[in-house]
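Structures are listed in the sections that come next.
Shared between the two complexes below is chain A, which has chain B as its partner in the first and chain C in the second.
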Partner chain A sequence: MSGISRRKFLKSTVIAGGSAAAAMTSAKSAFAMKEFQGYPDSMGVLVDLTRCIGCRTCEAACNKEHNLPEPALPFDNLSVFDETFHEGKQKRRTTDKAYTVVNRYAEQEPGGPVYRKIQCNHCSEPACLTSCFVNAYKKTKEGAVVYNPNVCVGCRMCMVACPFGIPAYSYDSALHPEIIKCNFCYDTRLKNGKPPACVEACPQEALTFGHRKTLVKTAHERIRSNPGKYVDHVYGETEVGGTSWMYLSSVPFEQVGFNTTLQHHPILDNTKSFLGIVPMVLGIWPAMFLGFHLLAKGGKTENKESNAGESCK
Partner chain B sequence: MKSRKIWVWRGIVALFFIAAPAFGTVDEPPASVSIGSLSHLYSEVVFDHDLHLSVTDDCSVCHHHRFGKGVKEERCARCHSESQGTFSARCSDCHVEKPFSVEHIMMMEADPKRYHIDMTGLKGAYHLKCYNCHAAMGAPSECGDCHARSDAGDRFYHSGIYAPAGGSPTGKHE
Partner chain C sequence: MKHLIKKGFSPVNSLNNPDNGHKWSLWQKLRLGLTPAEYFQQLLRNPFNWVLCVIFAIGLPIIVYRYVMGLGSVMHASYDYPWGLFLGFGLFCMVPLSASGFLLGTTVELFGHKKFKPILNLALLNGLLGYFFAVVYLLVDLGCPWRLYYPMFVSWGTAAVLFLVGWHVATYLSVQIMEVSEAFFAWIGWPAAKKYIHGATIGLTVAGIILSTLHQGALGTLLTYAPGKVHPLWYSSEFMWIFYLCSSIFAGLCMVIAVSTIVEKTMAWRCSREFLDNLGAITIGLAKGASMALVTYFVIKLIGLTHDNQWSYLATGWGKWYMLEISLGVILPIILFSIAIRKNSVGLVRFTAFITIAGLMMNRLNTALITFNWNLYQEIPHPLETIISVTIFALFIVVYRFILYRLPILYTWQSVPALEMATVPVLEPAETVPVQPEPHFATVMPSIEN
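After this line comes the complex of A and B, so read on.
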C-alpha cells in the first residue's frame, strides 16, 4: 500500500515539476492548431459600399448611442469628406471621440463617389486582443471585441497591432486615459439581441446585420446575382483570418482605402513562436506595466519615476 | 337585436377595409401615401403616388412583379417572368420594419431552402428605390428634399440650433 502511495507521490512530483514545461507545450500546441474560425454563432455586419450615400447618419447614431462628445461639425456637414491629414495622405480616422467615421473615395471614377464607413471590424482572431499582455480585450460569443479599461495599463500595444488602425487613445483625459473603439454596441444592444445603433439608423441599409455565416453567403449571392456590379471579393471574409464586419464594393478595394496587402490568416500566426514564451513573460510584464501605469497616474511620485512611466507609453 | 346586426355589418365593412390592401384587391392606387416611420427625426413624408404615376408608365419599376409591363430585373425574371403577381402591392406587406430583429433573422434562417434571404427592411426598400432613382434621374436627392427635420432630428445630427460652436476639423489620430 505504501508502495502504491509512493509511486503516486513520485508521479505527481514529476508532473508538478514538469508543469511549467507542460503548460508551455500545451500553449504552443493550442496556438499551432489550425485557426479557430471564430465563434459559430458570431454576428456580423455586411457593409455594401454600393448602397452607402455618405449621409453620416451612422456617425450620428453612434455618437448618440454611446453619449460621445459633441462633434466638431454637425453630422449633416459633408465638408468633413474634404478633410485630410499627413499632407493629404490620410483621410479621417476613428478617434477617441468617434467610434466610426465615413470617408469619400473615387470621386473621379465612373461609379463614384464611393463612401466607406470605418469602425472596428471585430476580427475573429483580433490582433489587439493577442497583443494585449493583460487581457484587456475579449472576443464575445456574439462576435464583439470588447475592451475593459479597468485592467488596461495604457501600453497601447493594441493600437500598433490592429491592422486597421482602429483603437484610439483618450490622451486628453489626464486621470483615466483609455483605449476608445467601437464595441459593436455590445453592452447596450448586441448582448440583448439588438442590432447596432449605426445599422438600425442607416437609411440605405448599406449595413446588413446577421449571423456572420449567413452574411458570407449573402455577400457571395449579391456578387453572383448582380453580374458586373461588384468586385468578386468579400473583404473581411478571410483577411487577417476573417472579420465580423465585411465589405462589398463596386470599385477595387485598394481604391477605396482598404489595405489589400493583408495576410489571409490571423496576425497571431506571426507571433506564434513569440507567444510560446509568453506564459513565462506574463508573470513579469503586467506587473512592470502596472507599476509604470501607477507611477504615471500617481501625482505624488518623483519626476524621475513619472518620466519612466511616460517613456513606456 | 337590430343594433347588434348593425355592429356585425360595421365589423365586416371594417374588416374588408383593413384586409383589402393585404389581399391586393385595391384596384385604384392611392393618390398619396403618408410615411411616418422616421417620425422621431422628421415629420411625415407624403409620397405623391399620382405624381410618380405620371413619371413612369410602368408600375413594375417599383412594384416588382405585382403590376406593370413585366419584371424589370433580369435575375427576377428568371423565375417570375411567367409567375403571378406578388400577393400585395404594399411595400410594407413584404418589407418588414425591423429586418434585424432576432425573430426576423431566425425566421429567414429557419428554412434552409428559402431563396429570398436577402430582403431589405422597409426603410431600406424605400430609400434604395426612392433615393437611388432620384439620384440617377437628377431628381431632388438631398435628405432635406423629402424630409423636414424635427427638433429631435436637429439634436440627433447636432445641427441647426444644436450645431457645435466653433468647428475645427475632426479626425485627428495621434
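After this line comes the complex of A and C, so read on.
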C-alpha cells in the first residue's frame, strides 16, 4: 500500500506544484476576481420610460410566450392602471400569473403620465440567488437569472431578499408550489440570441435589447444628447451591484415607484462580515472553551469530576 | 395528580417497583406507575387538558386542511410578506428562547458551576424541544416540506446564510438529542448507553456552544438580505448577528426561569427535593446572568444606533415603537432584575423573566414581521395562520409535559431501589448501578461496558 501511495504522492506533488505555478501567474487576476463584475457578454434591456405609452402590449406578449392564464380583464383594458391595493399603498405587482406588469405614475406632472414596466431586473449578483440555500437560482452567462423548481424547498427566502419585490409564489398549489418570475425568456429565446418577447412586441421601441455594457453607454449617450429630457441617472447601472435591466426616466425615479434608497453594492455584501466569522468561530471556539474548562476545573482530579457528574442520575 | 400524591402515591422514579421489587414494564412507566383507570381519571381531572382538547379539536383539522389545500388556504399568500407567524414566531422566537441548553451546559459542564446542576436537565430539554418545534413550524411553513433534507443531501447553496442556519439547527438538534438521551437511557434502563453518552458530555457541550454562537447569529444575519424592508432601527448589516446572539442569552436564561416557575407551581410532585430546595438560589443566579446579558445588549444596541446614525428615526412613529420595545424589553427588566437580586426576591425575578421573554418576542416579531415592509403596508396575520401557530404551541406544551412527567429531568433517577425517596444519594459510585443492559446493546458496544 505504501508503495502505491508513494507513487501517487509524487505524482500529485508534481501536479500540485504545476498548478501552483499556474496559479501564481494569474495571482493578480485572481485577486481582482474577488469583485465579480458580471459576465462580460451579459445581455440586458434598457427601458426608456419617456417612450412608453402604457399600451400593455408587452404584458400580452409575455402572457402568450409563457402560456400564462388569461387575466380577468383583457390586455387592451387600460382601467387596470387605476387599481390600487392595501388602501392605495400599492399598485399592481408581479404575481404568479403575471411575470411583468405596467403601472401609471405622475399623472399630474407636466410631462406625465409616466408608465413603468416591472419584471425581474436580472441582477448581476442577485440576492435571490445568493440567499437560496439549495442553489435553485442560476445567473446564466447571457445575463438571465433562472430558477429551478425541482430543488426548491419553498422557504421563500428569495422573496424576502429580492430588493425589487419581484418573485411571486404559487401558494395555492399544495403539491407543486414554486417561485414564479420573469426568466428573460431564457429557454425560448435568450439562449438562442433572440430578444425576449416583450422587447420584440413593444411598438414604441421603449425597450432596447443588447449587451449590457453597450446599453450603459447608450443610456448615458441619450442623457447627454438630450439635455433636460432625462434625469441624469441610469437606474440599474449600480443599484444592488448592477442589473441587466436598466431604466431612463424624465421624472425623478422615486416619483415613478422606484426604490431610490437601495445600496449600490450587491446585497450579498451585507452577509459577508458575518460569514467571515464562521470559520473563525469553528476554528477558535473548541480550543478556547476546552481551555476555559481546564481552567475552571483547576487542580481537581478527573476522578472527582466524573463522580460529581454521576450524581445527576 | 395532587390528589394521588396526598393519598400516598409516588410516581415511578426507579427501574424497579419498590412494592414488589419487580422491574417496571414500559407501559407501567408510561403511566407513571398508575393503573389505567387511575391514569385516565387524573387526565380528566385536569382542566388544562380540556383547554388543550378544544385547541386540538379546532387546530388539527386546520393543519390537515393546510396540507390538502396548500399554503394559500391558511395564509394571506402575500408576495410582499412571504414569511408570516410560522417563521416570525416559530423560528425567530422559539430559537432564541431555546438557547438555554447551551448556556446551562456551558455553565455546569464547562465552567463547573455545580450549583446549577439541578436545573441543567430542564435547560437541555427546553433547548431540545424549542428547536424541535421550530422545525415543526418550519414543516408547516415550507412550500415543499417533504424536501426538508434537500439542503443537506440534494443541492447545496453554500453561500447562503440560511444554508448555515439549516445545517446548524439540524446538527445542534442531534447534539441536544444526545444530551437529553442520558436521561432517557436512565429511564428506559440502558445504563451502558447512558454511560457512553455521559463520556461525550464535554464534546457535546463544546459543539453546542459553537453551533449556537453561529446559528443564533445567523438568524439575525438572515434579515440583512432585506435592507430597506426591515426598518433601519431594527436593521444593522454589521451587528445583526451579535444583537441576536446576545439577546438569545438572556432569552434562554429567562425561559428557564419561566419554565421552572410553571413546573414548581403545577408539578411539584415530580420535582426532587434537591430541585425544589435549590430552585430559589438557582433562579437568582440565572437572573444575575440574564441581567448581565441585558446590560450588554442595551450597550451594543446603543452602539448600533450610533454606528449607523439612526437617532433621527427615534422621532418618528416607528421610533416610539422602538423605544417602547427597548423600555419594556430591556431597560425595565434591567431595573427589576437589579432590585430583585438585591432584595433576593425570587418572585420578582420570575415576574421580570416573563416580561423579558415578552420583550424578546416583541423584538423578533418587530424585525421579521411588524416593521418589515415599513414603507409599504402592514399586514395582520391570517386567522387560520394564528390558530395553527397556537395549536403547534399547544402541542409543544403537551410534549414538554409528557417528558417532564416521565424522564428524570426534574427528579433524580433512583439507581438502588431500596433507597428511600428522602435520602437522595448525591454522590454515588458508578459500580452500584444494577447493570442489566439490553442484550443487543451489550453486543453493539462491548468496549464501553466498563
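In the analysis below, the second predicted complex is superposed on the first by the 239 of 313 C-alpha atoms of A that agree within 3 Å, B and C clash if a C-alpha of one lies under 4 Å from a C-alpha of the other, contacts with A are read in each partner's own complex, and residues count from 1 in each chain.
The criterion applied here is as follows: a residue touches a chain if its C-beta (ideal position, glycine included) is under 8 Å from a C-beta of that chain, and two chains touch if they have at least 3 such contacts.
Remember, predicted model here, so these are calculated numbers, not experimental data.
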(request) May I ask you to name which of chain B and chain C touches more residues of chain A? (result) C
(message) Between chain B and chain C, whom does A:Ala60 touch in the aligned arrangement: first, second, both, or neither?
(response) first
(message) Looking at A:Glu70, would you say it contacts chain B, chain C, both, or neither? Reply first, second, both or neither.
(response) first
(request) Report for A:Arg93: first if it touches chain B alone, second if chain C alone, otherwise both or neither. (result) both
(message) With both complexes superposed on chain A, which partner does A:Arg222 reach: first (chain B), second (chain C), both or neither?
(response) first
(request) Name the contact category of A:Val231: first (chain B only), second (chain C only), both, or neither. (result) neither
(request) Give one of first, second, both or neither to describe whether A:Gly165 is in contact with chain B, with chain C, with both, or with none. (result) both
(request) For A:Phe133, select first, second, both or neither according to whether it touches chain B, chain C, the two together, or no partner. (result) second
(message) Output check: A:Val151 vs chain B and chain C. Expected answer is one of first, second, both, neither. What do you get?
(response) second
(request) Overlap the chain B and chain C contact sets on chain A and report the shared residues. (result) 90, 93-95, 165, 168-169, 171
(request) Would you pull the chain A residues touching chain B in the complex into a rising list? (result) 51, 53, 55, 57, 60-61, 63-64, 70-77, 80, 83, 85, 90-95, 97-98, 101, 165, 168-169, 171, 193-195, 199-200, 202-205, 208-211, 214, 217-218, 221-222, 225-226
(request) State the interface residues of chain C toward chain A in the complex, per the touch definition above. (result) 67-73, 75, 77, 79-80, 82-83, 106, 109-112, 114, 117, 120-121, 141-145, 147-148, 150-151, 154-166, 186, 198, 201-202, 206, 209-210, 213-214, 217-218, 221-229, 237-238, 240-241, 376-377, 408, 412-413, 415, 425-430, 433
(request) Write out the stretch or stretches of chain A touching chain C in their complex. (result) 86-87, 89-90, 93-95, 127, 130-136, 151-157, 159-161, 163, 165, 167-169, 171-174, 177-178, 259, 261-263, 267-268, 270-271, 273-275, 277-278, 281-282, 285-286, 289-290, 292-293, 296-297, 300, 305-313
(message) Applying the document's contact rule, which stretches of chain B touch chain A when the two form their complex?
(response) 75, 99-102, 105, 108-109, 117-118, 120-121, 123-125, 127-128, 131, 135, 143, 156-159, 162-164, 166-174
